[in-house]
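By letter and in written order, the chains are A, B, C and D; residue numbering begins at 1 in each of them.
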Amino acid sequence: MAQALAAAALGQGAFPEPVSGVTLYHYLFVSAALFALGVIGFVTRRNLIIMFLCTELMFQAAGLALIAFSRYHLHHTGSAFVIFVLTVAAAEAAMALALVVLLFRRRQTLDGTQWRQLRG
Amino acid sequence: MLLWLILIPLIGAGLVPVVAKPYVRTVAYAATAGPLALALYILGSYSFAAGAPEALTRVARWAPDLGLTLRLSMDGVSAALVALTAFLGPLCVLGSKTAVTERVRTFYGWFLVLQAAMTGVFLARDVVLFYVFFEFTLVPMFILIALFGSANRRAASVKFFLYTFTGSVLSLAGLLSLAWYHAAVLPPGSTPNAGTWSLALSDLALAGRAMPANLQGWVFLALMAGFAVKVPLFPLHTWLPLAHTEAPTVGSVVLAGVLLKLGTYAIYTLVIPLVPDAAVAFAPAVGVLSVLGILAAGLMCWVQTDVKRLVAYSSVAHLGFCMLGMFAFNRSGLQGSLLYMINHGLSTPALFFCIGMIYERYHTRSMDELGGLGSRMPAWSSFMVFFTMASVGLPGLNGFVGEFLTVKGAFEAGALPGHDGPRGGMTGGVLGPWFAAWAVAGMIVAAVYLLYMLGRVVWGTYHAPSEHGGPHAAPHSASHGQAHGHGHGHGPDEPAGGAHTGLPTDLSGREVRVLVPLAALCLLLGVYPAPLLNMFADSVDTTASLMQGALRRAEQVRPEAPEAGAAAQPQSAGAGDGAAGSGAEVDAGEGEGVEGRR
Amino acid sequence: MLATMGLITGTAAGGAALAAAPGAEALAGAGGVAGVSVSAHGAPLAVLAIALLPLLGAALCALTAPLRLGGKLPAWITVGGLAAAFGLTVLMHSGVSGLAAGEALVAHGYEWIAFQSGAGPGDRFVAPFGFYLDSLTSLWMLFVTGLGCLIALYASEYMEHDVGLGYARFFVAFNLFVFSMACLVMADNLLLLFLGWEGVGLCSYLLIGYFYKKPEAVAAAKKAFIVNRVGDFGLLLGILTIFGVFGTVEYAALFPKLAAGRDALGEPLAAWVGWVVPLLLVCGAFGKSAQLFFYVWLPDAMEGPTPVSALIHAATMVTAGVYLIARMFPAFTLDEQQWVLGLVAASGAVTALWSATIAMAQHDIKRIMGYSTISQLGYMFAGLGVLTTTGAAFHVFTHAFFKATLFLCCGAVMHGFAGQLDLRRLSGVWWVKGWGIIGAAMLVGCLNLAGFPFTAGFFSKDTILAQAFVTPGAAWVGWVLLLTAGLTAYYTFRVFFRVFVGPVEYHPGQDDHGHQGDDGHAHSSQHGHAGGHGHASGQFHPHAPRWAINSVVGALAVLSIAAAATYFVYPQEHGWVGKMVGHSTAAFAAPGEHHSGAHADPHSDAHSTDLRSNGAAHAAALGTFLGFDPHAVMYYVSALVGAVGIGVAYLLHGAGRRTAATAGADGLLRNPLVALVHRGAHRKWYVDEVYHALITLPLWVLGHVLHLVDRLLVDGLVNAVGAAPKLTGGRLRVQQSGVLNGYAVAMAGGIALVVLLVVFMTN
Amino acid sequence: MIEKIQALWPEIALFVTACVVMVIGLSPSAAVRRLCGVVTGLGLLAAGALAYTTPAVNPALPGLALYGKAMVAGIGLVLLLLASGTVDREYESFLARGGEGAGGQGRAEYEPLRSTKGEFYAFFLFSLTGLMLTAGATDLVWLFLALELTSLPTYVMVTISSGRDRSMEAGVKYFFLGAMGAATFLYGFAMLYGGTGTTSLGGIANALAAQRAAPGGQINPIAMLGLVLSVVGIGFKIAAVPMHFYTADVYQGASPSVAGFLAFVPKAAGFFALLSLCAAVGWGPTGDTLAEPLRSVLWVMAALTMTVGNALAVVQTSLRRVLAYSSVAHSGYMLVGVIAGPGPAGGGTLMTSGVAAVLFYLLAYGLTNAGSFAVLGCLERVRPDGQAEELDSIEDVRGLCQDRPLLGWALVLSVMSLLGLPPLLGFFAKLPLFGAGLNAGEYALVVVLALNSAVAAFYYLRVAAAAVLEPGQVGRGPVSVRPTTARWRPMAAFVSAAGVVALAIYPVTGWALFGARQGADARSEPAQRAAAEPALPSDPHAASVGATPPAPAE
């Protein structure tokens, strides 16, 4: 899907010289796959840590796309963006782990679905 | 001065929570008498023959970024309705003296707010300002019903609020779409302020008339969504019987007296002049609904056992006349419709007052439980009969004039067959004799149900619920009758509803003072409606001229049908429900008749 | 109200001096009216006092209740006011009688309803409070105020049980009635006529329901008002149509247009106007005058106090329909075919016969009189229908007197015998001490009603009968009326022979004028007659009428004889009434009238405003009575028929009667066929039941159905719409499971949908 | 560089304040700790003042930054009043009592680890810093960072707000779903960057305009996908369908003070971001429509958001959930303004500008909503086990107008204003949305908006009715509702109520609206504007702050 989109959108198939064998499509495909995996993992897993890792996967999918585009456009904006994304991801990771620890201390479980007192 | 009409009750409402409890009612009297005096002064010193007097127009800045202005003005129509509002105010305070004994501050505070809001509606000449007042009447009314009503009050108040609120939000959308059209679509220069954002009624009226027909139609529907509910136009009326039945007496009085008029007034001021072509296009439908309302609500009245509910349903029927006259678009109809607003605002509140007085004594409104009060309460019965007759539309009392003129308007808003062009009184339009005929049939029904009510409540042998009946509910033995042989004329010293009401058998002087002004006005307006007719004349003239123009336009647009089959399209659609079969002949004539108008 | 009077009369007296007002007004009116007859079209405002005096009387009577002015003050106020009004009317009559034919005086009070009704400068709707005075008005007003005054006097005694609040209530309504009737008759426009029309309906309602504790009285009052309203439906639509076509409701402007057959724009009328307008007006007239389909209210109206029955339901109000048709007669002759008049004649004849049959089988003497009133109204309508407005008006005039006499006699009996009205429980009343005048007056009334030769009733009935045979195509009407005349004589004298002559026997009635005394009324303790109406017949003493009743009844009896004299006053113009009618809008030369030797009057054509070619057309095919000239032989025929009726009545009810309850007629009832017919007639041919089943019940059921629909369907729909958010919310709430993954799935699904949407839309 | 810094003075002020607060919050002296709130307030005041120096950074929406920052500072003050006393109430009173009770020792030592006050206020300020940054964002990177800076502290605030399980649950839901939302819009940003080749909003606008101007006239599908994903992802911040699921759970679980914060701050950030993105796309050359399918997505989101939010609110019994779902619905209303755009060039008044409508609505909503949550936060219900909990159920406010008239009427005013009942602030906020929607030709959406406004009456009326109509509880058996010890919170309620009324009265409305219009003005033409409105006050910033008297916290 991403391939088709990119083909339609950018009208050109190949990266500039150094990595000409691999096209933007491939990167975008991988990125989309990563994102989809992240989503699927996020919705199917119950373990909070795994769920968090899945969100990291989504972040990194975006990061991958950014780098691919950055290379594609031949400037470093996207790469710079990725640095920030990594930073934020790290901050989130810290918070997530803190939260998980807090929750675990309360309930002795990492199952996210155990927290369902609030609903309706 | 106009601002004071609104501010005095508001100031009163502000004082009510802070003054000492015994003075609450005094404040309420003052805050309702003030506007009444002011209104009388205005009526006395200004002539409305040439539209709104310059001195009674006030424009102030409010929120320029929203195009909002504090634009108040008073023409003949609003003057009359403001006067009606102000007139009912002190009577309500007087009439609620014994009925409201708990949470007095809340009651009078909100009542005064209600007075202010209703007055504001009639004075506003900026559509959003109008809407602000229009909506704000809901809150005090909601509280009055929900706090001071009877058993099922909560449901009634919620239904009242939600139903009317829902409709009026759509009305707001309609009003704003007019403003948008004025600001964004209308080419600058085509009207004085075209191209600028304005919410002034005068600007929007010009904009609305310039709208294409289909857009007008949508705007019309949006506006009517709110206002027709308020009127209430059949079949959007179901909130009304409930609200009336459950409301406290004063609530019903104000509801019937003024609040319903907000709807008809809004249609008169905001719908018809703003989207005249759509009004013409929808007039047959409105006409049919009005007539249906007159007849169906009338028949429904007849099977009620709750007397208050009966009167509530009768309001639906009555307002049907009002709408019918208004959508006749001729001077008779409009005059009648406006007059009807005032008249209904006198006679129906009076009936509610009467019923309220009974309810205070016997704590029931069921005609199965209570009846034959004529022997027990002759004074009350006299008033009841009087106001019922005003409501029936007896000539010589106020109800008749309006009723006759609305029916006359509806009759003339068509053409008589065999004559090309309007004859004599005929003005042409989209209603016509058949609408009038059904409406007049509604007058028969009115007699049926109102006399049915009189027959059960006033006439017949006395009976009342025993647990509340007080001393008179004792067995009707002959000796009892003898014992009270002379109690007839001097009932006032005998309590009827037991010690807890402290009310005399028949009306107290205070209650008589509530009813006498209403009766006097009913009679006066019945024999001498000229002051009101003159006050309305200018406004009616403007509207009627406008609408006759719209009718002509509609005529030109309408495809020329070859033969007598040229029944006006909306006409045949409108008459379809009952008048169709026998009305075909007349319809055909009308189709021809409306073309060659003067 | 006083302010209104001041406004109208323009005199200071009206506004200021409350007590002195009647007198002052009367004087002013007298001078004014006398002086005015010379002026052509303006009349002094003082004639308005004819209507306003009763109104003032009503106000004063109403005031006596809260002021606790006891005694018979209301009655005296009423009698005085009406006497003054009568005096004014007489003066007005003298003024009006000097007018040329077709001329009228207009007294313009103020503009009741007036406004600009169209865009043009002349498009004004005006319905003034003003009076249109011509001889027709004058004729009606003379007996309205005159009879009103007399009957008020009668009522002052008759109603004495109710001294207290009810007394005042009675006289308020009574006065109001005269006011309304005056407005009806004297109005100078159709809308004011409508005011009077509805006003008399209201007063009728209030007075029928006077004994409001009797359920029958309340029901009867309601019925009267509603049936009248049904008629008013037609009248109001007629008024609207007239305004729609002619652009005016004022007589002064309307009649020339009607005469010319032109509408408001001066163009010829469409054909439908000629029958639609009369038909609508007739609808109103039928309602008020209790004609076919509408008559059901009138018998029930006998629940009211007898003076009311006499004044309203016999003499005046019920003749308003006749007045309306007479007044608007030009509208009835617009059409070439005049089939509406044919309808009027037919329905009049059928009503006359129909109600006469019912009257024959009733036992309640007041009801018999009620049905007889309907029957006589049928005569009047038939007279109108066969084009003798004169005959109709004359019958109205004579009927007013003799029927009032009859009712008042019945009322006296009722008053004296504690409400007893059953002819099987009363006998030989004439022979009871103190009842002489009543008995004699009753005889006079009965003779009149039966059409005994040389009574007033004889002449007036004869005029109609003869004309029915003359007018082409109406002969069957004549036969029906003739038959009815016989029946009338029979049932009239049935009453007379059973109640007033024969063995003396009486049983008191069950109630005291409907006062059950279960409330605070206790009348008996107030006027010293406690026990006078004791319910045990053993000690019952009839309560003989005193001076007021006797004098009024006597005077009326004399008047009803004297009325016959008017027939001979102006022979060229068919008597005094004929002259009056001939000078008014009702003038119409009935076809063939000039054929009659006795009544030859070529002038009458001169008054005919609108006959156009009709007279000639009709003249070609005038009817005869078995080959004789009807006008010549009808005297003898109707006298014969009347005599036969009286004779039969004597045979069946007079001869050889021993007790009150039995009579010779009882033997007849053993014949099953007769019994069957008798039962049918006694049950009023089940018309009430049929109406109830066909009209009332379906509408009532419809009301319930609508109410159900309203509550379940309309309100249900509203509630359903109102419940929609709640239902939606309930559904959506399931999604809000509180489970983290569930939310994630929903959000991911949403994102996926959006992505798909984008892909779909961009490709 | 110095220009960039100039645009950030308010943020810098807040950041510095945050750092200071974090430090003094750990002070062993209770008096110093008490200063946290005051310092925060001072910081907000300073930021508000400095906001006036903000230059027009975003060419598409030059006024947004200034207005946004000023408004954030103003509403921030109200939120601060509301947030006061959220954390450490029990601990501080424990210390004040000298450690009696729970601790058992004779004298309690202050343990910095047990105190979260400093952090809380610092997070409060960080979040507002992020919000201000969002308002001034000119670049996708900036926007991403600002949004995350806004959100991350709120996750912590939710979790620590009440120390109960429900807060934890709220925190975990909020955090995890928030991370998913963030990933979504990040992925969208990546695609947008890919499709346009730049992260600068101005650059993106140029690129998109060029794509549209090219033959074929379509926005690059990748860029469009990016836009839509960004919008949907940001939908989490504004609690729009389909990203609304967390809302009620989180608002209910967090303490009312934090819920009030959540209802405004992320929402405002989301709308700033949405407006910036949509401005980059442009509402079409004549200012009438957004590019498809972005418009369709927003349209569906708007319609669904209002409808779902209202429908869910109708069936709630918890007042916090009612307010939460209503906040969803309000987002839907505001999306109408986003769709409508700034209206025709030079087009007259606020009534035609959807952007201005959104900005004004944010102000009104923030103020009003703070009031309603403040009333909840002012009171607590004592549960049978002796634990006290801030109000939750509608039942708890029964008879409030009789028991505590000031609070009760403040609640009623807030709720009625949220309903949009004239003549309260909410009505004047909703009015421009109607106007703008009509102006953009979105008739159907306006009808949906109108009907939803009516549906909203179902539940707001219920709340108001419970407070007004029910008889008071005081004097009728045991009273379970009592005031909390957070003394400043009632002030938030009163300020909000006063604002709800005052802002409806000329000329205050004029100022506030003028500010919103300035903020929305896409085409900076000061001279023209001055000519059009000669009599308006010259200080727009004073307007939005002016309605909220500066008040120190704690």
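Heads up, the rule we're going with is that a contact is a pair of C-beta atoms (placed from the backbone, for glycine too) under 8 Å apart; a residue touches a chain by one contact, two chains touch by 3 or more.
Predicted model, so just to flag it, every value in this text is computed and none were measured.
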Nearest-to-centre chain - CA centroid comparison: B
Separation of mean Cα positions, chain D and chain B [Å, integer]: 44
Rounded Å distance between chain A and chain B, as computed from the means of their C-alpha atoms: 65
Averaged-CA centre spacing for the pair chain C and chain B, given as whole angstrom: 35
Between chain A and chain C, centroid-to-centroid distance (C-alpha), Å: 96
Chain D, residues touching no fewer than two other chains: 172-173, 176, 180, 184, 221, 225, 248-249, 455, 458
Multi-chain contact residues (two or more partners), chain C: 722, 733, 736, 738, 740, 744, 748, 751, 759, 762-763
Sequence positions of chain B contacting 2 or more other chains: 162
Those chain pairs that satisfy the touch definition: A-C, A-D, B-C, B-D, C-D
Chain D-facing residues of chain A, complex: 5-6, 8-10, 28, 31, 35, 38-39, 42, 48, 51-52, 55, 58-59, 61-63, 65-66, 68-69, 72-73, 75, 77-78, 80-81, 84-85, 88, 91-92, 95-96, 99, 102-103, 106, 112, 115-120
For the chain C and chain A complex, residues of the former touching the latter: 733, 736-741, 744-745, 748, 751, 759, 762-763
Of chain D, residues touching chain B in the complex: 344, 347-352, 416, 421-423, 427-428, 431-432, 434-435, 438-439, 443, 446-447, 449-451, 453-455, 457-458, 461, 465, 468-469, 506-507, 509-510, 513-514, 516-517, 533, 535-536
Chain B to chain C touching residues, read off their complex: 159, 162-163, 235, 238-239, 296, 299-304, 330-332, 335, 372, 374-376, 378-379, 385, 389, 394-396, 400-401, 404-405, 407-408, 411-412, 416-419, 421, 423-427, 433, 436-437, 440-441, 443-444, 447-448, 451-452, 454-455, 458-462, 476, 478, 480-482, 484-490, 523, 527-530, 533-534, 537, 540-541, 544-545, 548, 598
Residue ranges of chain A in contact with chain C within the complex: 1, 5, 8, 39, 42-46, 51, 112-113, 115-120
